[in-house]
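In the two assemblies presented below, subunit A is common to both, partnered first by subunit B and then by subunit C.
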Partner chain A sequence: MSILHKTALAGGLAVLLCSSALAQGLSGKVVGFSQIGSESGWRAAETSVTKAEAERLGIDLKFADAQQKQENQIKAIRGFIAQGVDAILVAPVVATGWEEVLTEAKEASIPVVLLDRGIEAPEDLYLTSVASDQVKEGRVAGEWLVGAVGDKECKVVELQGTVGSSPAINRKQGFEEGIAGAANVSIIRSQTGDFTRSKGKEVMEGFIKAEGGGAGICAVYSHNDDMAVGAIQAIKDAGLKPGTDILVVSIDAVPDIFAAMVAGEANATVELTPNMAGPAFAALDAYLNGGTVPEKFIITESKLYTPADDPQGEYDRRKGLGY
Partner chain B sequence: MNRSLRPLLATTIIFVLAYALAVSQYPGLLSTRVLGNFLTDNAFLGIAAVGMTFVILAGGIDLSVGAVIGFTTVLIAVLVMWAGLHPLAAFAVALVVAAAFGATMGAAIAYLQVPAFIVTLAGMFLARGAASVISPDSIGIKHDFYTAVSQTYLLLPGGGRITVIGGLMVAVFVLGALLAHRTRFGSAVYALGGNPTSAALMGVPVPRTTILIYTLSSTLAGLAGAVFSLYTKAGYSLSAVGVELDAIAAVVIGGTLLTGGYGFIAGTFIGVLLQGLVQTYIVFDGSLSSWWTKIVIGGLLFMFILLQRLIFSASAPSRKALWKA
Partner chain C sequence: MTRLSGIFLRPQVAALVAVLLMNWLLFPDFFDLTWRDGRLFGSLIDVLNRGAPVAILAIGMTAVIATKGVDLSVGAVMAIAAAVAATLVVGGQPAIVAVTAALAAGLLCGLWNGVLVTYLDMQPIVATLVLMVAGRGLAQLITEGSIVTFSDPVLIYIGTGAFLGLPMPVVIALALLLLTTLLVRRTALGLMIEAVGVNKGAARLVGIPARLLLIGAYAFAGFCAAIAGIIVAGDIRGADANNAGLWLELDAILAVVIGGTSLLGGRFSIPLSVLGAVIIQAMNTGILISGLPPEFNLMVKAGIIILILILQSPLAAEAFARRMPKRKTAPRERTMP
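Presenting the complex of A and B:
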């Protein structure tokens, strides 16, 4: 884990250093961006943030939505190469099958940056990858809860993501790591809510019934904000006050959870930033203008937000991004 | 000029005009690299579209094509990575399985008199479902043969490359054209599409031809699956979703009549290139939503259906005149 920490620090540092030197920057450069599609609110937000970042930096961004199909992504990347772009960003839809087209990009000396997902290919085929650390997200949430309850006994119920999906596995593991040091905090029930609002509500209703009307539950940890919003509804339906009687902590930082924070119904969320392009552009700037080869894995910050962090402002900032 | 060549000519003119227009805006489009990409990136679609042309020429439809491609990629990946077969052996197995699948669908259509739409829809669900049951995850294929194939290409001046799969697609089109226009089977397909009853009266073996047509279509879909697995070096149950519809679009834009009996394999080739051109143009532009591809293809389809209507209603009076005489 310490290696991850160091990588994150180094990545963050590189980002800071570069953003100060952005003046000569990437202005006028042509960057192709092959996006997976717009299957989720987060994905749509990533797209709009990337476009906004590109505009801010004066980059001519060529955007291609692959409609969830790898063949479309490969075609788009080939199109970018044929066009002679300066760099390519890819959010790969699957992990396999990228070697050939990335080799072509490499032969054309076009740097490729992977966004938010990894691939199974030799590391020399891409310049760097920008992604979040899902284990860390869970750990940050767990550490917040340990700090928030102090010495008090706290029984936690957990709403898991889709069974077997990597965010569900990693966010569970991270949270368990986060609370491992505190004997007074323990997970008493854990079940999947499939990352959806309706399943989150349904499962939470079950938890409350099973725990004597919710009296035994001190906090709910949800693998994403959507399920947390569902759980908040279930808590209210049971006649309890979410945020006070039962603490609510979740991951993603979508606008709706900030709205819940404004209403005092959610206590903390860990951000999965949609701004993967920012660090990517910074790395490209350093590489194209200074020849600096960035870290192979840039880890984005997993920032914690609580009601003390201006939830109304965060809500306003995010609501237009397409979540 | 032969009237029957008009739709083919129209497609060709539209392609040339569209390409010229696109090049005037983005000169980079006129490079051997882009032309090579047209072949490589559309190889699986083109090969499947040849099979689809035969099916539509005979007045049928095959909705199972995309699912058969997806199934084949998974089957090949499993045979190579889990069973340790050589890819060429895996391809052979996959082609045989696909052919048997097509023959079964053809037999159901020919002997049970069930509409092709329903039978191949069932085939689509079966193949896609089976692929997901074998493995819901994408299976990467690592084999020296795959590496060798991807490193084998004809380098054109200007950096373009004719890859193995791109070349294979062209070969399939040439063989398909010969099969359609120069063989007894080809004539039987056209006769069947024109009018099944009179075809039967003329001595065309209708059930046998029907079975062969769907066998051919599925086999080519299997070949397209092998090409797809070479293209992405992976087997994935959700790959090539909706390719059957792209193939149908390519066939119709290529000037083949949806009711059958009329059309050219060469037209389908241009139909495939036209779709590739639209996609490439949108990538070059970089600000248009990629869904414009669908809108443009939809518009072209509509235009060609209208065009066919016009041509065939224009030929109707002459038939009447013949009867009067």
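Presenting the complex of A and C:
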């Protein structure tokens, strides 16, 4: 996109935003973004969404890939401070060891926003943190299932994430909270599928065998979509219909689960949005232009998607994001 | 005849029977087999099917370990082969091209390891560690970090199809087992590999092409890893560069060790390594259907493995021989099938 286009776009946005008395937007501002790296499809999607959001708002985004190393992130943040950027976004790779570099940013009066992970540091060192609520994700999935089965008896098998990982612990807890009120819905088996497709398939095969060929299973709850995609194949191999004989509910909203929904093989997914930058830029806008200090913890929406939400459209929209 | 009865007296067979019995106690329908959609269907078939990739890796790993080496890169090579096959079919290439390219990629990786070990004289554990780490990165580069999902019927058939009622991965593993066992035991190849494993210098002095055999062993391990990689990709209809074959090199080495092949090189048995892979998978499947909380998975697995290794230690063999003096030749038997 040429400078001319950018300016024109930024101008158009500025006109739009000026109508609200709030602020003049972030156009022309320089924001540094220190990303962890690209360890998963979701992370790649987060990077491309952040770049797209910045472009939409006319922000000059300085992007730094830390290749999973904290020292690279600290170097990048110091670099941003030296360049005198207007704000810094960080997706921290680990929770500790940030006090020094964040103090430097604070002394330079540069607001820092944390994306999708928290850190162990005094709260005054960063403006706000934007993250999803993993417990809520599980709860939304559980509540959907309770609503979907009505008062029918429903035995659920659970595919857990990697044992001991925080999404696995929180999504399990959330789902249990979600179904706690319904006596007819219960978890009968729970095993780890390590967040991968092949383990998800293998574990589901075992569940089906152990529950009389799958006749006793009403639904599968998977801590991520990848394991659900594997489980769907296992259900098909056993001669059952995923989505009908066994309901499939999972979390993340990656493109392939929407492809399964189009085929009628998945019933619901809860989105872990890759758009952490949207709320972050909104908070920065309010802070830089209006002096409004945002809440310390901004929780992103855990949106539920079902086949009624145009899965083909969602698939097409997400396919290009690098998942 | 005595040799055959010797096979059934081996601790590995006893261990497999014990693990299967335990599965049966946990889950009474374990041995139930039904015929569905033109194939056998049941937990026992699951064990063989899920164990096939590790069994195939173990076949290649046995050849390498027999030469006193080890190949840590096979898991990463699986990911590379899966990535190559998936990206090619998604790019519109016919399946035969994709499979050939994936196998060639595996062979090339194996050759790379072999050259490092023989011509640069690197320690095998270090030489193959290079590809173990870099290989997964390479696979991620090929898939650009995402899971490449495909719908090519041939690749899917390799991963999930059935032939004569058996899952395709099982058929491939059996065919490979038969071919390699015949090749190493009906020719002098096996003896030469053992000679290189025991003493490379001496082997060379008696005229065995030691370097060629070493490179060949690593290339074969890479080739086996590529087969396993294609199977795993076909199974989930996608190449997952982050997770395909992750830590499977350790399962393969364990299978070889359970099979009784010495990590110090020399005597080896490919059928017993495959048996080792089946034991590991029988254990995994048992844990899955037992209903135990997943926190116990690794502990249970470790406990059973220690038991198996104690069972086949020289100490146990001695005790066994003392208890049954008439059969004292069986446990000491040196010739492997």
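The definition used in the following text is that the second predicted complex is superposed on the first by the 300 of 323 C-alpha atoms of A that agree within 3 Å, B and C clash if a C-alpha of one lies under 4 Å from a C-alpha of the other, contacts with A are read in each partner's own complex, and residues count from 1 in each chain.
Heads up, the rule we're going with is that a contact is a pair of C-beta atoms (placed from the backbone, for glycine too) under 8 Å apart; a residue touches a chain by one contact, two chains touch by 3 or more.
Everything quoted here is computed from the prediction, not taken from an experiment.
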Three-chain arrangement built on subunit A, subunit B and subunit C clash or fit: fit
Which of subunit B and subunit C A:Arg78 touches, first, second, both or neither: first
First, second, both or neither for A:Ala180, with subunit B first and subunit C second: neither
First, second, both or neither for A:Glu99, with subunit B first and subunit C second: first
Partner chain(s) touched by A:Gly41 [first = subunit B, second = subunit C, both, neither]: second
Subunit B versus subunit C as contact partner of A:Tyr323, first or second or both or neither: second
Subunit B versus subunit C - smallest C-alpha distance in the overlay, whole Å: 6
Subunit A contact footprint on subunit C (complex, rising order): 27, 29, 36-37, 41-43, 46, 50, 140, 144-147, 149, 160, 232, 235-238, 240, 242-244, 246, 284-285, 288-289, 291, 293-295, 297
Subunit B to subunit A touching residues, read off their complex: 26, 28-29, 31, 33-34, 37, 40-41, 44, 138-141, 150, 159, 228, 231-234, 236, 239-241, 276, 279-280, 282-287, 289-291
In the complex with subunit C, residue positions of subunit A that touch it: 38-41, 44, 160, 163-164, 189-192, 194-198, 201-203, 205-207, 209-210, 212, 226, 229-230, 233, 237-239, 256, 259, 322-323
Subunit A - residues contacting subunit B, complex: 32, 60-67, 69-72, 74-76, 78-84, 94-97, 99-100, 103, 108, 120
